[in-house]
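Each of the two complexes below includes chain A, the first together with chain B, the second together with chain C.
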Partner chain A sequence: MALVENLHRRIVSIGLVPKFISKLSQLSLLCCVIGLGCLVALLPSDGQFRRTYISENALLPSQAYSYFRESEWNILRGYRTQLDIFQHVSTIHDTNAEVSKWLQQFGVKTAVYEDEQYGETLYGIFHAPRGDGTEAMAIAAPWYNENGEHNTGGAALAITLMRYFSRWPVWSKNIIIVLSEDPKASLRSWVTAYHTSLDLTGGSIESAIVLDYPGVSDRFDYVELHYDGLNGETPNLDLVNVAVHVTEHEGMKVSLHGLPFSELDKNDYNSRLKTMLLGIKDSVLSGIKKCYGNEAFSGWRIQSITLKAKGTQGPHDVTTFGRIPEAMSRSVNNLLEKFHQSFFFYLLLAPRFFISIGTYLGTAVAVSVGFVLAALNQILNNKYAGLPLLSIYNIWSVLAFCIALTFAFITSQLFFYFPQPVALLSFNVLFSALPLVLSTRIKIQKPFSYRFKAIAYLYMAIVLTSLLVLNFSLALVMGVLAFPMTRTTTITNSNVFLSLRNFALILASNPFIATWAVVNFVEPTLSGTRVFGALIEAWQQLGCWTWFILCLGWYPSWLLVTYASIDAIDLETAKKEN
Partner chain B sequence: MVSSETQVVCACFASRLAVSYLFPSLQQQLDRTVEFSTPVTSYRSLQEGAYLLLHNLPVYDGGVVHQVPLLVALMALFKPVEFLMPVLFAAMDSLVAFQLMRIAKLYQRQLKIPSYIPGIVYAANPLVLLSCVSQSTCLFVNLSISTSLLYALQGHFSLAAQCIAVAGYLSPYAYLLLIPLVGICGTTSAGVILLLKSTVVSFVLQLVSFSMNNYNWNYMTSTYWILITFSKMRPNLGLWWYFFIEMFEFFIPFFKSVFNIFVISFILPFSIRFNQQPFYAFVLCLGWITLTKSYPTLGDGGFFLSFVPFFKPVFGYLRYPVISSLLLIHAIVLSPIFYYLWIGLGSGNSNFFYAISLVYGLAISSVIVDLTWAMLRIEYDSGKPNLSLKLTQI
Partner chain C sequence: MGDVADSATHTNNWAVLVSTSRFWFNYRHMANVLSMYRTVKRLGIPDSQIILMLSDDVACNPRNLFPGSVFNNADRALDLYGESVEVDYRGYEVTVENFIRLLTDRWDEDHPKSKRLMTDENSNVFIYLTGHGGEDFLKFQDAEEIASHDIADAFAQMYAKKRYNELFFMIDTCQANTMFSKFYSPNVIAVGSSELDESSYSHHSDVEIGVAVVDRFTYYTLGFMEEIDKNSTLTLQDLFDSYTFEKVHSHVGVRTDLYSRNLSEVLITDFFGNVRNLVPDDDSVTNNHENDKELKSESTLLKIAKLKHNEALIQNTTTNPQVTKSKRINTDDAIYQGAVETYNVTLVKALGIFILVAFLFLLKTMSCSKTDTLKTTDISLYDEHVAIY
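Now for the complex of A and B:
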């Protein structure tokens, strides 16, 4: 304790605390800058990241020889030719009936799950010869992929793999094949049904591999890996590692987040930064943008990834692609218990490089601390710091926060019934302009302005902190985008420059305007106001919370700050006027 | 014009009732959270006990019921009108709010705040509200403790003794509060009467329970012994559970005794050091028990924090109230999230939740430490606050 006391005395004697308090505003900005700076400058540079490794030794990827080779070639082609014909001449219902017969021929129990809204899903379970039937691995191949192309190769591969697996006695986990209509809503509804209402089930699904091989080409260039789950979930890094390990072992290249083939060999600061930022983008927009299929398995303790074959002219053969799910299934089959704990939080910089949570979490924490300091600044750095805890100003600001929260909740619900993004955006632009318009007519008292902002920033800090481990990317992006609101100043005497500055800051930190602007910038598939419809759809079809986090976590604070930016007058002046 | 105290009591009653009946499923949801429900305070376990009792089955054989026999009997009595249970709990909670305001009235001169303020703080405290809605039986204990405290402060020592005996019967930790209560009595004779009375009432309660439990003492094991041995290993916000989940068997008895001694250790020092301000000693002891007991809930924490407004005269001396409140807010917001990461998603593990329960413990202990410091400071200034004087502890 003596050391701490010494430190304490020293701090008091050089007057650090008052200095600290007077500089809170700058410190808050500094925190945000440091957070963002570390993310961009530090994390992708050498020494900050590590090579990936297999944490669970039992997985042993690529230790067994893969036999999915020429012997299966003709079988695969046969199925593929049939499916290609079905695609043109029959409905999915009839195709499912036919495929179901094929699967039953080699002992797979099949059933069709019918969802009135999202179409029917065929699934089959091959019971493990060596297992007790409590665990399963899933191989899914939606009939149509995220671009609406017919997934002929993927479905044919899945069926061939099932036939191939059924001849082996090594399986200790059931194997489930899922053929859904699309990789988004219909696959998701099947996953939900599997855990709630289906009769034919095969135990808890440990891993899910979604195969996406559109068209009938025999050849492909490289493999694209998708792993971002809903609501910031990621599969266990071991599964991703196994996929990368196996793919590269078979001589194929792995692309993360849709990087083009020409950039796959690069390993420098720029390429790592690009992969990391793309990863953050994909994680934030997971479920909102195109779904690849692995998202559908989120939330049920299922580790899932999507393997997508890219190109049609490359050196690799379709059976080579099939060896990836084969070897992955062999690996997962080896698992005696579960995937290793706490291997769920990572950012990938390249297929073989990752940053673990301890290194990257600090960046978002810094942004969140920035908000706390901004709140303290509003409480301590003005002459109303000494107001008693239960003064009318504090009580009113808490009440005003409750009103803002209610308003935000109503907005979030109303948008489901009147999905008018243009109206939403223009309302928010008008609302941002409110302080400008009202500047001469209505004044608020200064303590209100300070306290409202303090509560708004504090709430934002708490929301960001709670999101940190649930959805790191969203917490970081939201914190950075909302940060301009902490730079607004309480103004008096309708200073035009400051009012305009406030207006710009408020406009920039509005949840809907910022989302709209940023998404238009980074994601061409969600251009225009499509992102709002996609957010609603992501909630309704997949259960993705992002819309509510925007509305309930960010919007109330913004409303309060906007109101607090109305021209303020001193308490004394107000009393005199009365 | 009704007094503001009546308004507060009505608001307290109405808010609890409104939440209970507007969100009928909230009770069960809260009862399943680890923050508001423990094996020894859970309403589900009480219902189970009442069911067993009504069907003439042995209540304590199954190892499910950890509530005392009289509480189970009370629940069985209310079984036909179970839909009225929220009314009973809301009424008890309002009674606690009322008693807090009465205590504030006794200290009006020193406190210099309107006496309804502690009532408002209690009624508006979300922890207390949710604990009441979850129908956690820690409310029975809290009510007995506040009743006993009020009677003792008013000088009705005999009634205070009976109430603390009831509190101790429901949760033996309350017996520790006898020590600061004796301090409140002031005179030796009153203290002796308090101790004797509470002993007699406790014996009577145990005998009644013994006879109600078919002349069997086995309820003792599942209601009291479990608190000491922590034999029902369930995660909660306390300091105990994580310690014992992976420990070599032969260390367990030693550390269990250490934890138990830890609970007791600070009661006497607090009571002796602050014997001039026995009410504050009582509150600090309450906080200490909240921090170190084996099955704490947020309801206990909320009850302790409701006494903080009584420290109004020393608020100026608090050194880090902002840090304490930020810790508390973050612990309370993050604990369900980390529990969900561990149990729900499976991406976190038990360390996540334990880290948060440590933050909660840190928040409660920083409140206790800060209040203790403030008490010592005002004593140093002989009761007349001199905030410009800077002191540091050595």
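Now for the complex of A and C:
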């Protein structure tokens, strides 16, 4: 205790606490800078990340020899030729009927799931001859991929693989083939139906591999791996590791987050930083931007990835591509339990390098601590610090927060019925300009200004801290984008410069404006105001709750801060005027 | 070498073989222990004196490409699970408690005799363990662990209860040598696959089955064992000398300080083989201890043991041809040269027929005038006979 007492005396004697309080504003900024700095400068540098490893002993990737080779080539080619013709001459309904017959030929039970809105999905279950039938592995191939290309190769491959698998006696889990219309809504709709209403089921799905091989080319250059799930979920790192291991074992190169072929061999700070930032971007926008198919399985305790063949002239042939799902299925087949080892949350810096959640979580924590300090700053660093807890100012600010929350909620719901992004953005720009326009006409009492902000920052901090474990990327990006709002100042004497500065900060930290600006900057496929439509779609089709986090987690705080930025007058002067 | 044989004082042999792990990917541990089982059985210990504990979830696992078979080599020349494998403790019965109870023979009276280790002070016991372990512990089926102290104490109890004459402890697991570091009972000799902080490695994988099929230490132990037969004069020292780091990829440890005999005088068959030459005279045993009650009961035990022993002999003679039934030739100089016949069966048959024909021809020429009937003898009958033999 003596040590603690000494420490306490020392703190008191050098006046650390008052100093700390007086510097809260700077400390808050420092926190955000440290958080962001760590992420960008520290995490991708040597010594901060680890090499990936297979944590689950049972997986044994590539331990069994893969036989999906030339012997299957002609079969694959046959199916592919047929599918290529179907694509032009028949409807998906007829194609499904025909493919269903093929699948039944080698003992796969098939059924068609019909969704009125998103089209029909053909799926078939190959029951493991010696398995207990309680678990399954899924292989999916949407007829059209995320770019609208016909996934001829992928679908043919999936069918050939099923045929090939049916000849092996080694399966302990059922194998499900899913041929949906697209990799987004219709696949998701099937996954939901599988877990709720379908009659023909094959047990709980442990893993899903989505095959994307557009066109009829026999050759390809490299494999693109997509793993980001919805709402910040990622598949178990073991599955990703198995995919990477198998792919590289078969001599192909793996690209993460769409990195071009020329950059795949790089392993330096820049390449790792790029991969990490792209990973954060893909994670935040997962489900909102183009869907590759693995997103559709997310959220049902299914570990899923998408394998996409890139290029048409490369050295590898389509059976090599088929060996990846083959070897992966053999690995997953070895599992006795669900994926439970390894990491469920991670950032990949390269196919073989990762940062675990314990290392990177601190960055988002630092940002949310920044908000807490900003809130404290608003409470302590003014002469209204001594106001009682139940003073009218506190009660009013809580009430105002409730109003802001209600308003935000109404906005979020209204947008479903009137999806007018331009109107939304203009309204928010106008609202940002409100303090500037009102300038001296209407003033608010100064304590309100402080308390409103305090509540706003505190709410933001709560939202971020609860979000950061679930959806690290979104929490971090949201925290950083919303951070400018903590730098707004309370103005009393109509300072034009400060008003303009406030306006800029508020404008920059508006959830919709910031989202719109950033997405336009980083994701060309969501240019213009398309992102808002995509957000709504992601919720309606996939159940991705980013829209609501923006509206309910971020927007109320912003509304409060904007209101609090209206010119304020001191209590004393207000009384005098009265 | 006559001296060597004389130095042994035991009258019966027992083996306890345990695979402590479960799950498909631990295939190699099952293969290890089944290979060991096959070896001790081949060298003459009967099933009744082998206690085999294994999870037994591999042979009929849906993941097994060869249902009902377990192999310990990628050449798959020898199906370890093929014929008459008697598993005494199976699946969830393989527990630390059962293992300790087995060693110390603390069972309730209903426990079947076939599942008991009915050894006495004249028994040489071979104990083989394989699985996943660490410093001073060995995992049992991913559920519990046995500590090196537990085994040491169990051995002490065995010694106090006169349950062994000599004990040979062999263990193949990571950091195996720690497992016998706590032993303190006399006449125990121990060998382990790897020292502290050292892993034990698998030897090779079968790319069809998709798992590693045998561990290095066991692989080379088996390799050595295949070269010996029931009247081999190779000693434990020869076995221990055969382990090199180049082969095993870990430092094999041998503990001899509890053991009084010189290792180069201890026959391998003292532990691995059944002894038939050393059965003491029936009369001398009974006459000497007629009045001593305790020893009398012991002598009945001896009788039982002998009966069992005789049974074993009978079994032995019946099982022996089975072991050498395989017709495959082991082309690469893998370890199973002894297991698989190294001569061509058809060639032998042909030779036999030739000799028979020659013999008949000789008979015929010698007594052609007397035995005309021989001409009608069906040669194929002889052929069949040879085939059966």
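Just so it is clear, the second predicted complex is superposed on the first by the 574 of 578 C-alpha atoms of A that agree within 3 Å, B and C clash if a C-alpha of one lies under 4 Å from a C-alpha of the other, contacts with A are read in each partner's own complex, and residues count from 1 in each chain.
Heads up, the rule we're going with is that contacts are C-beta pairs under 8 Å (C-beta built on N, C-alpha and C of every residue); 3 or more make two chains touch, one makes a residue touch a chain.
On a predicted model such as this, the values are computed, not experimentally measured, just so you know.
Quick one: on chain A, after the overlay, do chain B and chain C clash, or do they fit? Just give me the call.
fit
Go through the superposed model and pick first if A:A385 touches only chain B, second if only chain C, both, or neither.
neither
At the Cα centre of chain A, what angle separates the centres of chain B and chain C, to the nearest 10 degrees?
Value: 80 degrees, nearest 10.
Let me test your reading of the model: by the given contact rule, A:G299 touches which partner, first (chain B), second (chain C), both or neither?
first
Report for A:L336: first if it touches chain B alone, second if chain C alone, otherwise both or neither.
Only chain C; A:L336 stays clear of chain B.
Determine, under the contact definition given at the top, whether A:H8 touches first (chain B), second (chain C), both, or neither.
First partner only.
One more residue to check, A:F345. First (chain B), second (chain C), both or neither?
Once the two structures are laid over each other on A, A:F345 reaches chain B alone.
Quick check on the superposed pair: does A:Y65 touch chain B, chain C, both, or neither? Answer first, second, both or neither.
second
Which partner does A:R130 reach: the first (chain B), the second (chain C), both, or neither?
In the superposition, A:R130 contacts chain C only.
By the touch definition at the top of the document, which applies to A:V469: first (chain B), second (chain C), both, or neither?
It touches chain B, and chain C stays clear.
Once both structures are overlaid on their shared chain, how near does any Cα of chain B get to a Cα of chain C? Whole angstrom is fine.
Closest C-alpha pair between chain B and chain C: 11 Å.
Common interface residues of chain A with chain B and chain C?
No residue sits in both footprints.
Would you mind writing out the residues of chain A in touch with chain C in their complex?
57-58, 60, 63-65, 128-132, 168-172, 330, 333-334, 336
Spell out the residues on chain A that touch chain B in their complex, using ranges where they run on.
Going through chain A, the ones touching chain B are 5, 8-9, 12, 233-234, 299, 301, 338, 341-342, 344-345, 372, 376, 390, 462, 465-466, 469-470.
Residue numbers of chain C touching chain A in their complex, please.
23-25, 61-65, 67, 205, 207-212
Which of the residues in chain B come into contact with chain A in the complex?
117, 322, 326, 329-330, 333-334, 337-338, 341, 345-349, 351-352, 390, 392-394
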